[in-house]
Every structure is written in C-alpha cells, then in structure tokens.
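In the two complexes that follow, subunit A is the common piece, with subunit B as its partner first and subunit C second.
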Partner chain A sequence: MSHSISNAVRRKDAVAKASGTTEYLSDQFLHSPYHAKCFYSTVSRGKIISRSLPDLPEDYYIIGADHVPGTNSLHMIIDDWPVFADKEVRYLGQIIYLVIGPDKEKVLELHSRIKIEYQELDPCYSLEDSASLLGGVQHGEDNVFTRYDIHHGNVEDAFAGTVKILENEYYTGYQEHVYMEPQSMFAFWENDSFVLHASAQCPFYIRKSLVGALGMEPEKVRIIQTATGGAFGGKEHFPDVLAGPLAVAVYHIRQPVKLVLDRKEDLAYTIKRHPSSISIRTAVDGDGTILAHDINLRLDGGAFASCSAVVLARAVFTVSNVYNVPNVRICGRVFCTNKVPSDAFRGFGAPQAVFAMESHMNYLAYELGVDPLAFRQPYLLKQGDATITEGKVHEKVLLPEMTERALEMSGYKEKYERYKNIPGKGIGFSYFLHGCGFTGNGERDLIKARIYLKKDEQDHVFIYASNVEMGQGLSTTFCKVASKALDIPFDQVDFVGPDTAIVPDSGPTVASRSISVVGYLVQKAAERLKEEWVPGEQQMITQDYSPPEGLVEWDQEALKGDAYPAYSWGVNIVEVEVDPLTCEVDTKGIWGVYDVGVPIDRQIVEGQIIGGMVQALGYSHLEKLENRDGRFKQATMADYMIPTSMDFPSTEKDILDNPFEYGAFGAKGAGEMVFDGAAPAFGAAVSQAVDAIIDEVPVLPETLMELTDEGQ
Partner chain B sequence: MKDNKIEFTVNGGKKVYDGDPLRRLLDVLREDLELPGAKEGCGEGECGACSVLLDGKLVNSCVVAMGTIGGKDVLTVEGLKETEQGKCIIEAYADAGAVQCGFCTPGMVMASEAILRENPEPDEQTIRKGLSGNLCRCTGYDQIVDAVKLASERGKGLW
Partner chain C sequence: MVNFYCPETLEEALSVRSDHGAVPLAGGTDLMVRFENWSSLPAGIPGPVMSVGQLEELKYIREEDGQLCIGAALPLNQVLEDQRIPRSLAAALDEIAAPSLRNLATLAGNIQNASPAADSVPPLLIMDARVRLLSSAGSRTVDMGDFITGPGKTVLKEDEIIESVRIPMDFVNKEAAGILSYRKVGTRKANALSKLSVCFWAETEKGVLKDIRLALGAVAATVVRLKEACARPAPLRRSACRRDGPSCR
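The block that comes next holds the complex of A and B.
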C-alpha cells in the first residue's frame, strides 16, 4: 500500500539552489574584514618545547592556547580535545594557532614565519601500537577510549560442544566525507554575545562545546546554521574544533572573522570514518548450523575521543546484523592513536560492522560448501525475536518479501549460477539493518527534544527545530508532515532555519533521527494545532519528546534492553566485472530494496538511496585513503577519488511500506541505512568474480592481483 | 599601465579588469562582480562547482587566470537563469529531484547547458560524460541525469 504522503513534491530549496541564489557561508559573507588561517602541528606526537612568532603589524593577530578565556578544551562527549594545542600535540594537523588579519596574503606570510620546535615521542599509528602502549599511555590506563561488552546467550558452552570453528578477520579503511562545501564559518561579537554562522549539522553541539572555553553562559553564545553544502557526519562535531579557536579569537579582537578551510586542509586535517578491524570466530555444529559468534571489534579512533564512543555503540549493536544467533559475544573497543581523529560519517559504525558480518556469512557459506543466500535464510530476524542486547524486534520484518523483490529485479539467482562458470563476472548480495534514533535512552535522557510550531495572523505555520537542512530534504519533509497533519497546503508551512537564539533544542541532525523522532513531534504538534486552530490568530504549540510505549527498558550500564525502538532494513545486490589484466572492477548493476517505514517523500528517499549507494560504492573500491606516518597520502581531490557520473550505472530500487507507529506518518530513518549494504554486496560480487575471499574494503586492483596470483 | 586592461563580457555586460592578470576568474566573479553562483569546492579544477561557460565552453573558473580571458564571453548561472534555456534546466532539476545540498548544482546546471548546446537530445551516456567533470557527493548522479533528460524533452527547440 502506498501512502499519499509519499507522493513527491518539489523541494522547497530546489529552485533557489539550482539558480545559484541560495547563499552558503562564503556567499553570505563574501567580504569579511578579517580572515583566519589555522596553524597546524607538523608532528604526530610530541612536546612543544619552543615557539617563535613573527612581529605582528597592526590589525594582525596570532591567537593560541594562552588566549583561551575559559578552559582549554572543547566539550563534546568528554572534553579531551583542546581548543589549541598547548604543551603537547597528539596528531599531525592539530590546531596550535589561528592567524588573523584583514589581508589574506599577509596572513599567509605571517603564518609561514611561525616556528615550533618539538620534542618528538613515539607515535601510535596502528591498533597494535596503541594496544602495546607504544610511547607511553595516552588515554586512561590502556589507550582505549571506550569499551563495550555484550554477551547474549552462552558462548563458552556453545564453543565447548562445537564441531567446527571458523574464524576470519575483516578490515575497512578510512573514508573522507568530501562534502562539496568545505568547512566554513564566520563569527563576530554583538553587544555582549558571541555570534557564529556556520555550515553545520548541530548548532547546539557547537554552543555546548564553546561555553566552557569562553567561560560564558549558553545564552551569550549564539550559533546560526547557514545553508549547508553537504555534511554526512563531517559537520557533526568537527565544526566545534574550528569554532573553538575562532571564538577565542573573536572574544579577544571583537572583530568579524571568516574561517573557511581550503580543500587541501579539509582533506588533510578534518575527521574521517573510523577504520575497523573485526574478527569473528564462529562455532558450527555437524549440520553446518551456526551456534555462536565470538566477535572482537576494534576501531581506530585517532587522537581524541570526539564521538567515537557512540560510533562504537552503533557498531557493536549492529554487528550481529539481521541474524538471530542464540549465542553472541562481542568485545568492542575504540583505540586512541596519533592520527587525525575518526568521527561521525553516514552509517556511524554500522557500515564497518555490516561489512564484517555479511562478508563473514559469505565466508562461512564458502567453507561449508553451501549457497550463501540460502545459508542466511534460517537466521533472519523476525518480529518478536530477541536482540543481542535482550531487547526485542517489535516490528514486522519484511526481509523475505524484500529478498524476493530484489531477486526478481536483479535476476540474481540465474546470474549467480551462470557466473560460477564465467571468470571475471560476479554478483553479490547483502542484508542490513539500521537502528533509528539515538541508542538506548539517549533520546529520553540526553536529547529531550523539543520543537515549536508557530502560526502567524495570516495562518502561515512555521516549524522551529534545531535539525538542519543539509541536503537530505528535511526542510521539505518536515513541512510535508506538518501540512498533512494540519490538512493545509504544503506552501502554507515553512521551516525556520536553525538559530540557537530562536529555535528550541530538538537535538542534533544525526542518527537518522530527524524524521523518525523529531518528525513525529512535528506531526503531534500539528495535530494539536489543528484541534486548537483559530483562524487569523497567532498560535504556538510546544511539543516535547516522550518515548514510544512498550519498549524493553534500556540499562546503559549492562547494555541491555531495546538499543533502538525500530530498525530500517535493506537488501542490496551488486553485479561486477573484473578486468583480467588490470584487475579494475567495473560495476554493471546495482539493486536495492528498502524498508524505511513510510517514505515521507518517495523522490527524496530515492535520492538518499542512490546517493548513499554511490557513496558506499566509492568506499568499496575507489576511495583509497592511506595514512602514512600520521599524514594522509591522498592530498588533493585528484588523488582521493570520489565517484563521478561515469563510475556507476543507475541504481534500481524499490521501497516497501511498513509503517512505524512512533515515526512521522510511519517513517523510520533512511539517510544512513542506505550506506550500510553496498560494501559487502560489492565485496561478494568481486569475490565470485575472482574466486577468492574478499575481507577488506576498499577492494583495490593491487589486492586483487595478489589474490589471483596466489591462485586462491 | 593601460595596456594591462582586460576587457571581457559577463552575462552580456561589458567589464574591464585592470588587476593582477594571474588572479582567478572565480575570485573576480565572486568578489569584484558579486556573482556568487560559481562556488569554490576545491580550488584546483577537480570538482566543477565553479563551472562557467567561457565562449560557450564549460570551464572551471578556479583555474582560469584573468590574463587569459581578454575579449572573451563569460556566462555564469546568474546569466543563464534569466534565459529560457536556463529556466528550463532549473525547473527540470527541481522536478527530477536532482538537488540535494545544492553546492554543486549551479555548476551542474552550467554543465547541463553545455551538454544541451552540443547535443539537444543527448542519450544517457552522453549526459554522464558531459557531467563527469562536475562532482556531486549527495545524489549519486542518477537524478541529475534524469534532470538533463527532462530538460531536453521539455525544451525541444530551445537548443
């Protein structure tokens, strides 16, 4: 059944963006009295033993740790990341100074004359370096930022009675966001307040990170989101890291300052997707039935914690994927290393986890000599099944229907059989799921989202929330939800751009929560406004979050209960051809079938599906990002290659409806889940094409050459 | 130094420039002429967000030095959007769902105009090839390809 709210409307922002009239930060503040340039550390780990600064002409400033009026730390989840490096540096690229002045050339000239002398210490570049405490401990007692352990069932007993143990390890690499608009912000002092315009996902996160550093009340720190030219997680916490130094500078000089990273800086020094290393030991009985998984999941967190703890949580809660296995033990850890911090990126730990488990299921099927698709079927989660955190799958699971649809669209079965006899051709399959919203009690205890609906005397309705439009279509879908609930025309509703002085805190624009969680508040508020509607009068509705009923209570200490209230689900199929000489992989077909509850706008969700798929296929084999001695080797967009219009064929997709009672008109999250499944499906396809196990992304031609040379 | 004066046109209007000949066309468009439709995504000619038409050819304005454009004609999205062709493309982008974050979109619109001038009825491969110098991180391109097809269908006779 198709819901009328899914019918596509023209996006509110489309014409202005396509006409070039939408102002991004650099357009809105085309001319700035002052420009800032970051001065970064040039070693990965060391003590600063001397600093030499040039003499400054009038109107030029070099701002550093000594200028911080409050505490020299940015408050994220913990506050380990300093505003400016002071006595030590922990990664190559850490901000030591901000150089500021009216003339950009002069700023660069002064910048080139700053000299820092370091006493270098042994840096940790790998998980093994970190675990062995190379160069001395850097975080806590063991260099582990966060550890989460899960034990579902009884893994020891299962392994004790087992017939066969199959074990393999899976690796995923870095990925850079490459939002087309680099990190950009503009700040000034107004009366007794600090005001920041920023291309950002989470205005209230920025405010929270700054108040301690500035020693100011939150009300005196105002963050205004500008039109945001892509984010994908890269503008979740990282804007805090630039806003801190900029805020300290503006606090002192009381002048307007613009800080825009150039692309090379953005590639070199902004946060990346966590590299992962996930080993899975599986106990199998004589019939080839899976008895237990014992999983060691490690993420490379880089130098500071940022939101790695939350990324780890999602990776851990996702790694068992769509399967009901009675005994599962997971040890999840994120390690501190001396590299650019890893942080949020679309999927948020789930893509790494799903890649590992899906690749492992293929490995098990291969070792057991069974068909990989048929092998998966007995384990698929069903409504009412327990999750590994002793929560429950509350919703109807449509995986059988989705599977059938995906097979029919792609011709998978016939191709899979045929390609067994055609070297160089392959087709692969993946299942995946993505929990909607914050983990556990996060929405109830941490976020406590609030939104307003305001109606003016012309009966025009405005939505006040802190979730941002960053390309995903929220300014349109929020208005669709409100107009549908109010039963008024779409054009009669508008979305107010997030500004911490004006909108309530409905939480960050992350975790696929904006429509599924905040959108539901918009719907409830609109339903109330409809009841109370008085034509021609100003009216205002405040709507606060309340948790869905019937959930298994979450225990954050024990990590037990419903990790998420609902899940989005997906099936991906990818078909490839591998060139026998160059080992280049050419993608020949892409199919995806999804359950996102109810799509609030089919065209917008399809845009998420295709965009997520292509971004994830880039991750799968094009986007090689290597860190050597703390520095990323790929320094420009010519070296770090994101997909072009020529790299992939069209994505064929379908969306099955499965309304979620506590989502806006039945909606669940869509923006992240669409990233999760491509890498394992791609890996499986390549695996068939080259007749070897693929246990790592990106899949590089050089790796394939080695594999084929080995004749595996 | 009157010999250093560079005369060119932007969106049909005559301009005279007498600054540093190595300055980038992108900066002159944005900072001097206050035409911010062309965006800086990479500054090294890789992403296409700064695309404009120079004598009808699609170029990345971040790698065009002012010294090279004497006597040439520059068309930016601000000029294109006032034409029938521009309106047709922009409407098609909006209807096809081809716009997400929008940062690449003005450049994509310029590339679309270049494709349609070259071939008013392009097939999918021609469109994909014509867009290949313009990077988009949001859409995965399919809906942009659809938009160019839609503009081609709706705008019969315009190109």
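The block that comes next holds the complex of A and C.
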C-alpha cells in the first residue's frame, strides 16, 4: 500500500542548496574580527613538563587550561575530555591552546613559536596495548571505558552438550566522516551571554558541555545552528570539543572569534568511526543447528570516552542481528587507547556488529557445507519473538517478503549457483536491522523531548524543535508531517532553525530518532492544533514525549527489556567482479529492500538509501584509514579514498510498507539503517569471487592478493 | 609574502626566471596543493612565483623538425582533445584526476613535478619523447629518460623553463600499427593517484613481436622504462604470449 505522505515534494532547502545561495558558516560570517587556530599536542601520551610561549602583541591571545573559568572538562556522558590539555596529553591532536588574533598570518607565526616539552609515556595504540595496561592505567582500573554483558538463555549448557564449536574473529577499520563542510563555528559575547553559531547536529549538547566549563547558567549560553553541510555523526559531540576552547577564549576576550578547521586538520584530528574486533564462538549440534553464540565484542574508543558507551550499547544490542538464537552471551567493551577519540558515525556501532554476525553466518554455512541463504532462514526473527535483552519484537517482521523481493530483483539464486564455477565473480547477501531512537530508557529518562507548534495571525504554522537539517531532509519531512496532520498546504508550514534561546529541547539529531520519535510529536501536536484551530489567531501547542505503550520495561542495570521500541529492517545484495591480475574489485550490481515503516518522502528516503550504500561500500573497500603511531597516515583527500560517482552502479531499491504505530504517519528510522548491510554483502560477494573467507573491512586489493597467493 | 610575477611574453618570463629564479606556475594543481597554507592565506611557496599559464607562445601543438611539439602551458584537456597526439599518451592523460583539474594542469607541470607516479611519463618514455628547455641564454633538449632524476627532482636549471615536450613523428606515425596497452591501477576508479601504471607498445612483423617498449609508473623512485626486459634474444610469438592470459592483455 502506498501512502499519500510518501509522494515526493520539492524540498524546502532544494533551490537554495542546488543554486549555491545557502549560506554556510564561513559565508555567513565571511569576515571576522578575530581568528582562532588550534595548537595540538604532537605526542600521543605524555606529561607536559614545560611550555614556552611567544610574547604577544596587542590584540593577540594564547588561551589555554589556565583560562578556563569553570571546570576544565567537557560534559558529554562523562566528564573525562578536558577543554584544554593541562598537565598531560592523551592523544596526538589534543588541543592545548587556541591562538587568536585579527591577522591570520600573525596568528600562524605566533602559533609556530609555541614550544611544549613533554615527558613521553608508552602510548596504547591497540586493544592489546590497552588491555595489558601498557604505560600504566589511563581509565578506571582496566582501561575499559564501558563494559556491557548480555546473558540470554544458557550459553554454558549449550556449549557443554555441543557437537561442534566454530569460531572466527572479524575486524572493521576506522572511517572518516568527510562531511563537505568542515567543522566551523563563530562565537561572540552579547550583554552577559555567550553566543555561538555552529555547524552542528546537537545544539543542546554543546550548551550542556559548556555550562560547566564556563561556570554559567544554561540560559546565558546560546547555541544557534547554522546551515550544516553534512555531519554523519561527526557533528554530534565533536563541536563540543571546539566550542569549549572557543567559549573560554571569547569569555576572556569578549570579541567575536571564528574557528574553522581546514580539511587537513579535520581529517587528522577530528573523531572517527570506532574500529572493532569481534570474535564469535558458535555451538552447533549434529544437524548443523546453531545452539548458542558466545561473543567477545571490543571497540577501540581512543583517548576519551565521548559517547562510546552508547555506541557500545548499540553494537551489543545489534550483534545478534535478525536472528533468533536461544542462547547468546556477549561481553562488550570499549577500550581506552592513545589515539584520536572514536565517536558517533552513521550506524553507531551497528555496522561493525552486523558485519561480524553476517560474515560469521557465511563462515558457519561454509564450514557446515550448506547454502548461506537457506541456512539463515530458520533463525529469522518473527513478531512476538524474544530479543537477547528479553524484550520483544513487537512489529510484524517482513523479512521473508523482503528476501523474496531482493532475490527477484537481483537474480541472486541463479547467479550464486553460476558463480560457483566462475573464478573472479561473486554475489553476496546480508540481513540487518536498526533500532529506532535512543537505547533503552534514553528517550523517556534522558532526552524527554519537547516540541512547539506556533501559528501566527496569517495561519502560518512554525515547527520549533532542536533537531537540525543537515542534508537528510528533516526541514521538509517535519513540515510534511505537520501539514498532513493539519490538512493544510505544505507551503503553509515552516521549520524554525534550531537556536537554544528559541526552540525547546527535542533532543539531538542522532540515532534515527528524528522522524520516528520527534516526528511523531510533530504529528500529535499538529492533530491537537487542528482540533483547537482558530483562524487568524496566534496559537501555540507544546508536545512532550511519552513512551509507546506495551513495551517491556527497560532495566538499565540488568540490560533487560525492550532496547528499542521498533526496528527498521533491510536486505542487501552486492555483486562483484575481481580482477585476476590486480585484485581490484568492480561492483557490478547493488540491490536493497528496506522496511522503514512508511517513508515520509520517498525521494528523500531513496536519497538516504543511495547515499548510505555508497558511503558503506566506501567503508567496505576504499576508505582505508590507518593509524600509525597515533597519526593517521592518510592526511589529505588524495590519500583517503571516498567513492566517486564512477565507483559504483546505482542502487536498485524497494521499500516495503509496514507502518509503526508510534512513528510519524507510520515512519521508522531510515538514515542509519541504510549503512548497516553493505559491508557484509560486499564481503560475501568478494568471498565467493576469490574463494576465501573475508573477515575484515576495508577489503583491499593488497589483502586479496595475499589471500589468493596463500591459496595458490 | 610571496613575490608573484605575471609576464606578458615568453621573453619577459625568461628574464624574470633568470633575474629572480621565480618558480614557473601554469595550472598550479601540484604546487598550490603542496604549499597550501592555513585558512586561505596565500600558498607558502618558498621563493618568488611566476605565472606562465597565460603565455600564448607556450600554448600550441605543432609539427616541427620531425617532432610533434606540445607547448608547456597547454592544459591537459586541450592536449587530450587533439587528434594528432599518440593514443598511448591520450589513454594516460584521460585517467589523470578529473576534467576540472585537467582544465588547469599541464604536461610540463606533470613532468616537472617528477612524481614517481606521474601518469604522463610512461607513454612519453616509450615514445622516446624529449623535453625542450629554454633560458635567456639559449635552449637545450633533453631525453625524457634523463630529465627526471628522482622523486621531485629534474635537471631543470634555476634560469630555465620547460618550453615544450617533443614526440618523434616516427613514433606518432607508426603507433597505430603496433600493439598498445595502457593500464592504470588507481586507488579508486576515477580521480585517483596511481598505485601502478603500465604502458606497453610493440611493433609486429608477420605476427612476431619486435621493438617491444614497456614503462612502469609508481614502482620506483622515478617512472622507469624497462629496456632490459624488452631486449630479448629470440623473437617472441604473439600466440605464446596470449596463452598466459590476462597478464599479456
């Protein structure tokens, strides 16, 4: 069934963005009286033993830890990340100073004259370094930022009576966001308040992280989101890390200051996707049935915790993927290392988890000598099934229908059989799911989202929320939801750009929650406004979050209950050809079938599908990002290979209808799920083509060459 | 501050070059990236710079003394679109970066940058191209193989500029009759640096290969022409080569 709301409209931001008239931060504040440049640590781990600063001419400043008026920490989930490094540095690239002045050339010259002397300590560059507490413990007692354990069923008994144990380990690498607009902000002092314009996903996160550092009331700290040229999670918490030093500087100088990172700085020193190492031991009985998984899931968190705990939670709750296996034990840990912190990135722990489990299912099928697709079928989750957190799958699961559609679109079965006899050709399959909204009780207890709808005397309606337009189409989809519920034209509704002084806190723009959670509030508010509608009068509706009914209560201590109220689901198929000489992989076909509840705008969701797919295929085999001695080897866009439009064919796609009762007009999340399935499908395809197990992404020609050389 | 000169004639350019040692900058696609400065400050090129991209005298392709001469300031896309250039060179130029960059970059720049992975160099080596250098004092012509001496290093003197790249007409005329193969292995399908590039050309006579020419990029400190690999005692039959499959494509 198709819904009228899914019909594409012209996006609110389409003309301005396509014609280039949208003003991003650097356009909006083209000229600034003062410019800031970050001074970064040049060692991965050490104590600062001396500092030598140049004499400063008038109007030039070097701002550091000593200037912080409040506490020298940025409040994210915990408070470990300092505004400025003070006595020690924990990663190469940690901010020690901001150098500020009116003339950039002079700023640069002063910057070059800062000298820091370190007493270096043994840095931890690997999970093993961290686990062995190399150089002494850095976080807690064991260098583990967060640990989550899951015990579902009885894994010990299942392994005790088992016939066969199959085990393998899977690795995923770093990934850089490469949003088109680098990290950018502009700040000034107004009356007794601090005002910051920033390219960001979460204005209220920035405010929360600054109040402690500045020692100011939240009302005196105002964050205004500027047109944001892409984010992908890279502007979830990292803007806090730049806003902190900038706020301290403006607090002292009381002058407007602009801080924009160059692409090279952005590549070198901003947060990345968590590398993962996930080992799965599986107990199998005599019939080849899976009895239990025992999973050791490790993430490399980098130097500071940031939101690693939440990334870990999603990885842990997603790693069993779409399968109902009666006994699952998971030990999930994020380790502290001395590298640039890992943080949010589209998918948020799910892509790593899905890659591991889907690759493992292929490995099991291979070892058991059965067809990988048929092997999966008996385990597919169904409505009413228990989850590994003793919650429930509340919705109808369309995986059988989605599978059928994907097979039909791609010709998978025939190709899979045929390619068994053709070296160099392969086709691969993946299943995946993505929980919508914050994990566990987050929406109810932490976020407590609120939105306003305001109507003016011309009966024009404005949506007030803190979720941002960052290219994903939110300013359009929110307006579609409101106009549909109000039964008024789309043009009669507008979205107010987030500004913490004006909009209520409806939470961050993350976790595939904007449409599924906040969009639902927009719908409810619009329905109320319609009832109370008085033409020609100003009216205002406040709508607060209330959790969906019928959920299994979440217990954060025990990690039991419904981890998510609903899931988006997907099937991906990728077909490849591997050059026998150079081992270059040519992607020949890409297919995706998705359940996103109801797409609020078909064209926008298709844009997400294509973009997510290409970004994830880049992650699968192009975007190699190596950290060597604390520094990323790929320093420029000529070294770090994101896909071009030449690299992949277009994604053939379909979206199945499965309305979610508590999502805006039935919508579930779409922005992240579309990333989750490409890497394992690509890995499976390459695996068939080269007849070797692929257990790591990115899959590079060099690796394949080694694999096939070994094979020979 | 950077001293920047914009000569109007080649003669003026040569005197700026000899008087100030100004670095010639045509498209700037290598220099501006290499010396990129913080936050839109002028590029930090050490020493004075001289724009040469505007010099009409260096923007030509013509036959001269049995050679096809490609002027130093002609953007790659214009070289690429000229039907007179050898197909081996066209194949290589077509895979350099993207069209927008090729509208600025020049052949002379690609050579003077002297990257071990320079894409134009393998075909220029197999066709025995030469580089004509000019200074106020006079001119000299150097074999392509002698021009580049190491990564980023050439024999260009402080007072010289590259005037043109010269390809023997003999090769231009017989290229089509031989077997040509060019392959670039990049880091992705387009707009990529070379991990390896191979340019192969051979003449055949009655189905037998003779005069085999092979050059490899991105495998050594400079692009290399493998003369020894191509000097063989007995003639190699094409069919014998074919049997090895894709490696001889």
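Heads up, the rule we're going with is that the second predicted complex is superposed on the first by the 711 of 712 C-alpha atoms of A that agree within 3 Å, B and C clash if a C-alpha of one lies under 4 Å from a C-alpha of the other, contacts with A are read in each partner's own complex, and residues count from 1 in each chain.
In this section, a residue touches a chain if its C-beta (ideal position, glycine included) is under 8 Å from a C-beta of that chain, and two chains touch if they have at least 3 such contacts.
What you see is a predicted model; the values in this text were computed from it and never measured.
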{"item": "Touching partner for A:K37 - first (subunit B), second (subunit C), both, neither", "value": "second"}
{"item": "First, second, both or neither for A:D300, with subunit B first and subunit C second", "value": "neither"}
{"item": "Contacts of A:D595 with subunit B and subunit C, given as first, second, both or neither", "value": "neither"}
{"item": "First (subunit B), second (subunit C), both or neither touched by A:D262", "value": "both"}
{"item": "Which of subunit B and subunit C A:P580 touches, first, second, both or neither", "value": "second"}
{"item": "Which superposed partner A:T644 touches (first subunit B, second subunit C, both, neither)", "value": "both"}
{"item": "Winner by number of subunit A residues touched, once subunit B and subunit C are compared", "value": "B"}
{"item": "First, second, both or neither for A:A18, with subunit B first and subunit C second", "value": "first"}
{"item": "Partner chain in contact with A:D562 - subunit B first, subunit C second, else both or neither", "value": "neither"}
{"item": "First, second, both or neither for A:E672, with subunit B first and subunit C second", "value": "neither"}
{"item": "Overlapping contact positions on subunit A, where the subunit C interface meets the subunit B interface", "value": "262, 636, 638, 643-644, 646"}
{"item": "Subunit A residues within the subunit B interface of the complex", "value": "8, 10-11, 13-24, 26-27, 30-31, 177-182, 227-232, 262-263, 470-473, 603-604, 606-607, 610-615, 636-638, 642-646, 648, 650-651"}
{"item": "Interface residues, subunit A side, partner subunit C - complex", "value": "35, 37, 104-105, 108, 260, 262, 264, 579-582, 584, 622, 636, 638-639, 641, 643-644, 646-647, 701"}
{"item": "Sites on subunit B touched by subunit A in the complex", "value": "30-31, 34, 36-44, 46-47, 49, 76-78, 81, 89-91, 93-95, 97-106, 109, 127-129, 131-145"}
{"item": "Sites on subunit C touched by subunit A in the complex", "value": "33, 36-41, 185, 187-193, 196, 245-247"}
